[in-house]
Amino acid sequence: MPTILGQNQYGKAENRVVKITRDGDTHHIKDLNVSVALSGDMDDVHYSGSNANVLPTDTTKNTVFAFAKEHGIESAEQFGIHLARHFVSSQEPIHRARIRIEEYSWERIATSDGNSRFIGADEVRHSFARKGMETRVSQITYDGDNWEVISGLKDLTVMNSTNSEFWGYVKDKYTTLKEAYDRILATDVSARWRYNWTSDEQRMPNWEKSYEQARKHMLQAFAETYSLSLQQTLYQMGSRIINSRSEIDEIRFSLPNNHHFLVDLEPFGLKNDNEVYFAADRPYGLIEATVLRDGVEPKIPVDMTNL
Amino acid sequence: MPTILGQNQYGKAENRVVKITRDGDTHHIKDLNVSVALSGDMDDVHYSGSNANVLPTDTTKNTVFAFAKEHGIESAEQFGIHLARHFVSSQEPIHRARIRIEEYSWERIATSDGNSRFIGADEVRHSFARKGMETRVSQITYDGDNWEVISGLKDLTVMNSTNSEFWGYVKDKYTTLKEAYDRILATDVSARWRYNWTSDEQRMPNWEKSYEQARKHMLQAFAETYSLSLQQTLYQMGSRIINSRSEIDEIRFSLPNNHHFLVDLEPFGLKNDNEVYFAADRPYGLIEATVLRDGVEPKIPVDMTNL
Amino acid sequence: MPTILGQNQYGKAENRVVKITRDGDTHHIKDLNVSVALSGDMDDVHYSGSNANVLPTDTTKNTVFAFAKEHGIESAEQFGIHLARHFVSSQEPIHRARIRIEEYSWERIATSDGNSRFIGADEVRHSFARKGMETRVSQITYDGDNWEVISGLKDLTVMNSTNSEFWGYVKDKYTTLKEAYDRILATDVSARWRYNWTSDEQRMPNWEKSYEQARKHMLQAFAETYSLSLQQTLYQMGSRIINSRSEIDEIRFSLPNNHHFLVDLEPFGLKNDNEVYFAADRPYGLIEATVLRDGVEPKIPVDMTNL
Amino acid sequence: MPTILGQNQYGKAENRVVKITRDGDTHHIKDLNVSVALSGDMDDVHYSGSNANVLPTDTTKNTVFAFAKEHGIESAEQFGIHLARHFVSSQEPIHRARIRIEEYSWERIATSDGNSRFIGADEVRHSFARKGMETRVSQITYDGDNWEVISGLKDLTVMNSTNSEFWGYVKDKYTTLKEAYDRILATDVSARWRYNWTSDEQRMPNWEKSYEQARKHMLQAFAETYSLSLQQTLYQMGSRIINSRSEIDEIRFSLPNNHHFLVDLEPFGLKNDNEVYFAADRPYGLIEATVLRDGVEPKIPVDMTNL
């Protein structure tokens, strides 16, 4: 046979599970999008179509919803760990499970109002509005021995309206760009960080706190860096996380440079003193890099953008 | 000639203008997407291709950016009023201008941190993150005499995790739905409200405050209504605004019913006590209605969804 | 009560129904996205939450799927007529039904191959690939007496690489655009045409043939018009349809001007002889107009873009 | 320093270049979306913000447009090869260039019409409509010595309306799926194949012909395989390409299982004889695998879906 099968994986993607937890009249939401990918002894299903080793993707979907009841959803990471362990330990042909989770956050609708004439306004504890555009993400992989947890976020749009320059670059025959000494720096942060928790023997991180702190440090580094290049800002964002969070060893960023071009108003007799910008769509700069704890081997895939 | 020209309009759509205002080291952002549509004496350009009456769409784009400098952007509505007045009053063939604006909101990145070892953390006043998924919208129309201002928002996703029922409905031969006495009610609010300010003789509303208050009342009504149908909730949201804001006479909603189906866990020996839901994509219910101040003639177009 | 209810409608949106018809081994597909909107005696459900007049949106969904079996899907229009008639005639409180349908087209995968060593290649009559980016649309409205059928298409992207000019336009203080004597003209056609079939007494159009012919005439007019403005091209597209199809009385277009800017290559010592273009995203010109049979009253809503 | 820089790359993404070639009155289009990613000696720009080694992303954009004039666009792959070679060979700090290209295809608008009364209808050779939903993709990587070319396509939606079964699978406590003996099999093909051309010493493939043939073989294998699982179909699609095209050594697929569920019409007294289906959105099965020429080392990244 001249062709052979290489790496393969399968499962049900984008299971949209919402879990409501009731603490008296106060409700709590977890809103996840869970994707399952299983690998193992799967040659036959590819070569002959025999499904004898195949747990149906429909079953992996059912398991997601059943586990939301059986284990609850303490955090996306903990939920993924339950699922990955289950598939690898309960199905002999399954040697590896990878669970990807997107989490959407909600905030309570403020209803209490001292001047309100609406009865019970401050009693409402079951009403929510979706919060923010960003999505929290996590990927949990388990092979029966070791864990790999990569978490992060995407679509967090940020802007510095000053403290950004760009000059001193290479100029070749195709270079027309003028140097900038005060520009807008804006990006949609996509970040993935890898935890050094890899074994059930280790103490597990506090996933919720770790996420909140990593996000906070990253945002503060973005805001507080006087930037000579988006690469420099990226490195500051990454090293701030590595330096602040001992449970994280590696982080990779994919940062589009969302160009805001100063509009030329001179034809209309107006001076544009860094006031009026055109927010461009495409093309955009794209800056990608990994920041690592010294001595650590990088494991996050280089290409977070689709191949 | 057997065919004739009917209503027509033209202009530059989706001009993405960002305005930075500097108050010392404290910066302020306005981030708009402005679309211009002009109508008037435009038969020739359609029949013969003569552009003698046509102000280029490129010029309407330039005007948007120039006006951001000349007039600033106090509010989306005020900015649209400047633009609409300009086109109608400065171009004889233009009899009507319609300005549509989307506004994206930003919030400051919190950098102050009592325990921070990063110098100047609490001095950063030029760093922002995009806030929320919702988009504020406004449409300003001017015909040289009268103004029509319709404002609102879209993509504001909200959920009540209880206090919603649905029963007592018509049952025909195609009805299989079971009655529900405690369900999730979730929707993506798309709302447009019309102001009764129509003339330069009237006192203009405070557009920013009016938006904030209308949004607040609408959200509170959503949260505080014990709902027997999404239609009932819609009406409460609308009447709360009309009753609370005298400057608004009419509001139209388009509310998808974002179904959250209780997952049947019985096959797995589990009881689902209103805990685990599947968030469905399509199909969805779609509830649309206008709520009016009594005695007022409705003017907001019925079809907010695309034809 | 200071507020009242205005126009309202409800139903299940985006029911994705696929119908396979088997003619021996040769299969045929109809792939529709059907949205139902019902209006009528619905005050109570808004004011008090009483659902006594409400046929559930879930039932309207079931009806769509049941009718695909009971009536088949001869055309989107005919299918919509069956549905609209059913809701209005079978439910006393329903006075008006509006059915919107998107149709996705498929073409057969070519498998016959004279040199093929694969057995049965030319016997495969059940394999399809999605065809084209455009979507056929239709809206059928019925009030118990009269029909209104508006059909058309969206997202049909077309380009003329020459035979387009733009000059002789108005120049004001904000005008910087240079006249163009040979430019690319490109747009994404969104068109809606209204049929003059309004009553069961009239002979019904052949919906499939009418669509194919209207589309063909529109495309030919786009290709064959030497254009001095996109407005002129739009009018030619519309009048070609009105003149060629007696069953159509009115057509409305929404045509973005998809700008292709000639790239300035002079800084690199190169001459750009109408060869290399930058395809821009935003902003874009937006040209909208109605073309009518003389003497006919326009009925297609002016705003096909979302409010 | 406790943190270090790992893999990094930068460049201008999504340069939308359209090239018109005029052969008398007959025009030809190439419509590409080109993304540049450069790597090399870039530590300083990350650590200190020094741009001394940085060719601006703006310059990489200019180069794309200039090269469309200087070299033309014979094929996406050939164009990418010109660009990658240029960046690596002309900039000492650049050690590796990766060019990603999306190509959108167009077809001519048929204007000739024997019965046409429109003059010159069959003379129009400059009018085009966008063809198909699928996008052709290519990634060209060069490190100064070796080439890697990975091509393919995405968003090619296909369906078999019969000749698909799914049964004989593992059943655990979470399994509720019923076996299927005649189901719809539908997917959106995302495929990437790697060429064994790696050196300027080798004869370069005919990129256009190779793409057309690989696509044809893949589609035929999809249509002609009697499928017991989507994995089996995937493997047949891959091996058909490897067996038919000696220039291709490896192919990876990401195939969502676009579920079409047979609608239960029994509550309405109707029998659904594989006729009426509900096309679901989420969740969906996701089947991913690599097919290789025997003896070849796999190099296409496993994760084509975003991390």
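Descriptive notes on the structure:
All chains are identified by letter, namely A, B, C and D, in their written order; residue positions are counted from 1 within each chain.
Keep in mind that, in the parts below, a residue touches a chain if its C-beta (ideal position, glycine included) is under 8 Å from a C-beta of that chain, and two chains touch if they have at least 3 such contacts.
Molecules present, by chain and UniProt name: A, B, C, D = Uricase.
Predicted model only: the values in this text are computed from it and were never measured.
Between subunit A and subunit B, two chains of identical sequence, the interface residue sets overlap for the most part, with shared numbers making up over half of the total.
For the two copies, subunit B and subunit C, the CA superposition rotation is 180 degrees, given to the nearest 5.
Here the CA centre of subunit B is 25 Å from the CA centre of subunit C. We define each chain's centre as the mean of its Cα atoms; on that basis subunit B and subunit D are separated by 37 Å. With each centre defined as the average position of its C-alpha atoms, the distance from subunit A to subunit B rounds to 28 Å. Residues of subunit D found to touch two or more other chains are 15-16, 62, 66, 174, 176, 267-268, 281-282. The touching residues of subunit D, when paired with subunit C in their complex, are 15-22, 27, 29, 31, 62, 65-66, 68-70, 106, 109-111, 113, 116, 118, 120-121, 124, 126-133, 156-163, 184, 216, 219-220, 222-224, 260, 263, 265, 267-268, 270, 272, 274-281. Contact residues on subunit C toward subunit B in their complex (touch as defined above): 1-16, 35, 37, 42, 45-59, 61-63, 66, 90-91, 93, 139, 150, 166-172, 174-177, 192, 227-229, 231-232, 234-235, 238-239, 242-243, 250, 252, 256-257, 282-294, 298, 300-307. Per the touch definition, subunit B reaches subunit D in the complex via residues 173-174, 176, 267-268, 281-282.
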